[in-house]
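Shared chain: chain A. Partners: chain B in the first complex, chain C in the second.
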Partner chain A sequence: MNDLAIETHALHKHYGDIRAVDGLDMHVPRGAVYGFLGRNGAGKTTTIRLLAGLAHASGGEMRVLGLDPRVDSIAILERTGLVIEKMLLPSMTGNDLVRFNRGFFPRWSDALARKYAEVFELDMTRKFKKLSTGNRTKLCLLLALAQGAELLVLDEPTAGMDPVVTDQLLRVMVEDFANEGRTLVLSSHHLSEVERIAEWVGIIDQGKLLLEARLDDMRTNFRRVRVVGEALALAEWPDIVSANTGEGTTEYVVRANADAFAAHLGSQGTTVLDVTPLNLSEIFLEVVGKGKTNVPVEVLA
Partner chain B sequence: MYLWKYWRESRITFAVGLLLVGLLLWGVLKIPVGSLMQGPHDAGDSPATIYLLMAAPLVLPLGFLALLFGSFGIGSDMGKGSGSFLFSRPRTRAFFVWNDWGFGIAQLLLIVLAANAVLVLAIHRIAPGSGPILLAGHPVSMLSIFCLHCTAGLLLIGLLFGLTYFCSVLAKNRGVLLAIGIVVAYQIAKAVVKYKWPSITLPDLTLTEFSMTPQGPPGFAKNLGLEIGLRSAVALAFPFAAQLLLQQRDID
Partner chain C sequence: MIIRVQPGLGVPIYLQIESQVKHAIAAGALKLDNALPSVRKLAAELRVNPNTVARAYQNLERDGILRTVPGGGCYVSSQSPGLLKSEKLRRLRPIAMQLAVEAKQLRLARAELLQLLENSYDDLGEAQ
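The block that comes next holds the complex of A and B.
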C-alpha cells in the first residue's frame, strides 16, 4: 500500500492565462495532520477541488488514497470527507441533511452523527440557511466525520469563527479523527491554528509548493543569522532563504545548516551577532517572499 | 436519498399541478359541449373533437409546470452554492442528472395521465355510448385517442422540461428565464418563417398535428411514428447535453 494519502506531481490548473496551480508536487503521508498553508488566492482551494474531482486538471498527476481522482472519483469520495464550500442544502435541517447523506456512504454512522450533534451543541431541527457561520461549519464537519472517512480534507474550516468554536473544532479534529490514525488535511492561512495541530506543513504560493516538511524539522532547521556588515553573494550558500541588509547589519534566514553557515561567515571575517530560531509565522513570511531578497526553497522532505 | 431530496423540492409544485389541472378540467366540463353530440357524427363533431377542445386549455398550464419542474435539481442547487457539496457525494454527475430528469418526468407524466383520464371520463359522461369511436374512414378507439393525447402531452412537457433543465445547468438561477426566452424566440421565428416563406412550416411545439390526427383526412400526420421518434430524441438530447456539460465543467 502506498504510504501517501495524497500525492501530486507537476499538477497544473490554468484558467486562461491565470495559473491557479502551477506544477504542484505535494506529498501527504497517511495518518498525518497536514497543514496546507498559503495566502488568499495562493491555490489552496483549487488544489483541493482538483483532488476532490470538482475541477479538471490542466496537466500533471495526482493520487488520493492511492487512486486517481480522474478515474476513481467515486471510490475516493466514499472514503474521503470534504469540507470545501460551507454551503449544504439551504432548505434542509440538520436532521434532513443526515438523512440525505446517510445513503451515500457505506460506512455512515448515525451514532457518530448524534454524538457530534451533542458535542457541537447543534440544533438539528433548524434549517441550514438559518444557522450561524460557526454552526454551519460544525454541521459540515459533523457530516464529514459521520461518514467514516479515512481522509478528511478541510478548506479554511475556521474562517469567520470565534476562538472558542475554533478551539472546539480543532480538538475534535485531532482527538477524534487524527488520533485514530486517519489523515487530516487542513488548508488555512491562520498559522497559529496549523502550528498547534499539524505534523506536516506545505506552503503554497502562486500555485507552487514552496516548502513541504515536518513542522518539527522546520522549527529545528530554520534559523535567522544576524551579522555585522553587508550581504554576501547569495550563490555562496545554497540554504539561504532570504537576506536583508540594514543599519550596518545583515539578517540571513537559512533553511538548514545554520551553525555551519555561521562558521562560514566567521571564517570570512564577519562578526556573527546571533543565531535565532523562527516560528511558523516567520518561516511562512520568509518562504512566500515577504523578505526583501528571496530565494525559492526546495522541498525539505 | 437523492430522489427524496427532489421530491421534497418538487412536491408542492406537483400537488399544485394536479390541483390546477383538476380545476381547469372542472371548468372545461362546464362548457356546454354536450349539444355537439346530439347531431349526426362526422369528423367535425366527434367525441375526438370534443376531447381535443377540452384538452387544449391544458397545454399552457402543462407547459408552465414543465418549466417549473425543469428548474428543480442540480442547476438550482448550483445556483444556491450547493454544487460542491452535492458533487462531493460519491456519485457520478450522470447519476444526479438522470435522477433529476427521471423523477421530474415521472411526476409530469402522472399529471398528464391524470388529466387525460379525467378527459376520458368526461367524454363518457357527455357521450355514454362512445366506447370505440368510429369516425368516417378512421376506426379510432377512445383508447387510441387517449394514448395519442398522452404521448403528445408527454412529448411537449418532455421537451420543455428537458430544455429548462439544461438551461438551469447552463445558467443556474437564470435557467427558467433562458428557457422561456428560447421558447418565445422559437415561436417568433416560426411566425416570421411562415410570413416570409408561406410554404415552410416549422414544427409546432404543441403537437396540434398529432392531436388532430383522428380528425384529419387520410394521410394527415402520416409519419406519426417518425415524428414521435424525432421529438423524443430532441427531448432526450437536453438531459444528455446537461450531463455532458456537467462532466466537462468545473464545479464552483
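The block that comes next holds the complex of A and C.
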C-alpha cells in the first residue's frame, strides 16, 4: 500500500487560456495534517475538485487513497470527507441532511453527528437556508466528519466562525484526525491555526506548488539575517531567498545554512546584527508575496 | 503543570514544549516521578499536532529527563539530566554567547552580567 494519501504529478487543469492548475506536484503522506496554502485564485479549490473527481484534469497524474479520481471517483468519495462549496439543499434541516447523507456512506456514524451538533452548538431543526454563514460551514463540517472518512479535505473551514467555535474545531481536528492516524488536508488563510496543527505544508501559487515541506524543517531552516550595509547580491549565495536593503542595513532571508551564511559574511568583514527565525506567515510572504519571482523553494529535511 | 505554546513565534512548537518542561523541572514545579499528561491529552489541550508533542517527549526521554511506561504514561525520571558535562556545556554555549553579545551591546559590565546570571540561578532555588 502506498504511504501517500494524495499524490499528483504534473497535474494540469486549463479553462480556456487560464491555467488554473499548471503542473502541480503534490505529496500528502497518510496520517498527516497537511496545510494547503495559497492566495485567492492560486488554484487550491480547483486542485481539490480534481482530486475528488468533480472536475476533469487536462493532463498529468494523480492518486487519492491509491485510486485514480478519473476512474474511481465514487470509491474515493465514499472514503473522503469534503467541505468545499458549503452549499447544500437549502430547504432541508440539519436532521434532514443527516438522514439524507447517512445512506451514501458505509462508515456513517449517527453518534458522531450528534457529538458534533453539540460541539458546534448547531440547531439541527433549522433549514439550511436559514442558517448563518458560519453555521452553514459547521453543518457541512458535521456531515463530513460523521461520514467517518479516512481522508478529510477542508477548504477554509474556519471562515466565518467565531473564535470559540474555531477553537473547538481545532480540538476536533487534533483529537479525531491527527490522533487517529487519519489524513487531513486543510486550506486556510489563518496561518496561525495551520501552524498549530499542520505537520506538512504545501504552498501553491499560479497553479504550481512552490514549496512542500515539513513545517518543523521550514522553521528550523528559514532564517532572517540582518547585516550592516550591503553585503552580497542575491546570486552570490545559493540559499538566499530575498534581500532587502534600507536605512543602512540589509535583511536577507535564507532557506538553509544560516550559520554558514553568517560566518561567510563575517569573514568578509560584514557585521551581522542578528539571525532570527521566521514564522509560517513570514515564510508564506517570502514565497508568494508581492514582487516575488514564483520560483519553487526547496527546504532541507 | 500548564504548558502554553505560541505558534507564531517561529520557534518549533516541540522546542517550546521541551523548554517549558525543563523549566518546570528546574524550578521545582515538576518533581521526580510526577506524571505528565499523555501525548494525546496534551495535544488536544494545546490544539497542536500529536506528533509535535510526541517529538518533544521523545527528545526529553532521550535526554533522560522523562521516562515513558508503555501504556502507562510519562513520568519525570531525573532532575539533573545524566548528560556528560561536555555535552551540557555544548548545549549552553550558544545561549551564553547570545547573552554575552546582548550584554556587550548594552554596555553592561562583565561583573554586572555575572551578577544577573547568579541572581537568575538563585531564583530557581534549591531544586537542583
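We take it that the second predicted complex is superposed on the first by the 289 of 301 C-alpha atoms of A that agree within 3 Å, B and C clash if a C-alpha of one lies under 4 Å from a C-alpha of the other, contacts with A are read in each partner's own complex, and residues count from 1 in each chain.
Convention: a contact is a pair of C-beta atoms (placed from the backbone, for glycine too) under 8 Å apart; a residue touches a chain by one contact, two chains touch by 3 or more.
All figures in this text were calculated on a predicted structure; none of them were measured in a lab.
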Clash or fit, chain B versus chain C on superposed chain A: fit
Touched partner set for A:124, first chain B, second chain C, both or neither: neither
Partner chain(s) touched by A:198 [first = chain B, second = chain C, both, neither]: second
First (chain B), second (chain C), both or neither touched by A:33: second
Which superposed partner A:278 touches (first chain B, second chain C, both, neither): second
Three-chain overlay, vertex chain A: chain B-chain C angle, C-alpha, nearest 10 degrees: 150
Chain B versus chain C as contact partner of A:175, first or second or both or neither: second
Smallest separation of CA atoms, chain C relative to chain B, angstrom: 28
Residues of chain A contacting chain B in one complex and chain C in the other: none
Contacting residues of chain A [partner chain C, same complex]: 33, 167, 170-171, 174-175, 178-179, 192-193, 195-199, 216, 219-220, 276-282
Residues on chain A engaged by chain B in the complex (per definition of touch): 49, 52-56, 73-78, 82, 84-85, 87-92, 96, 99-105
Chain B residues within the chain A interface of the complex: 1-2, 4-5, 8-9, 77, 80-92, 248, 250-251
Of all residues in chain C, those that touch chain A in their complex: 5, 7-14, 40, 43-44, 46-52, 55
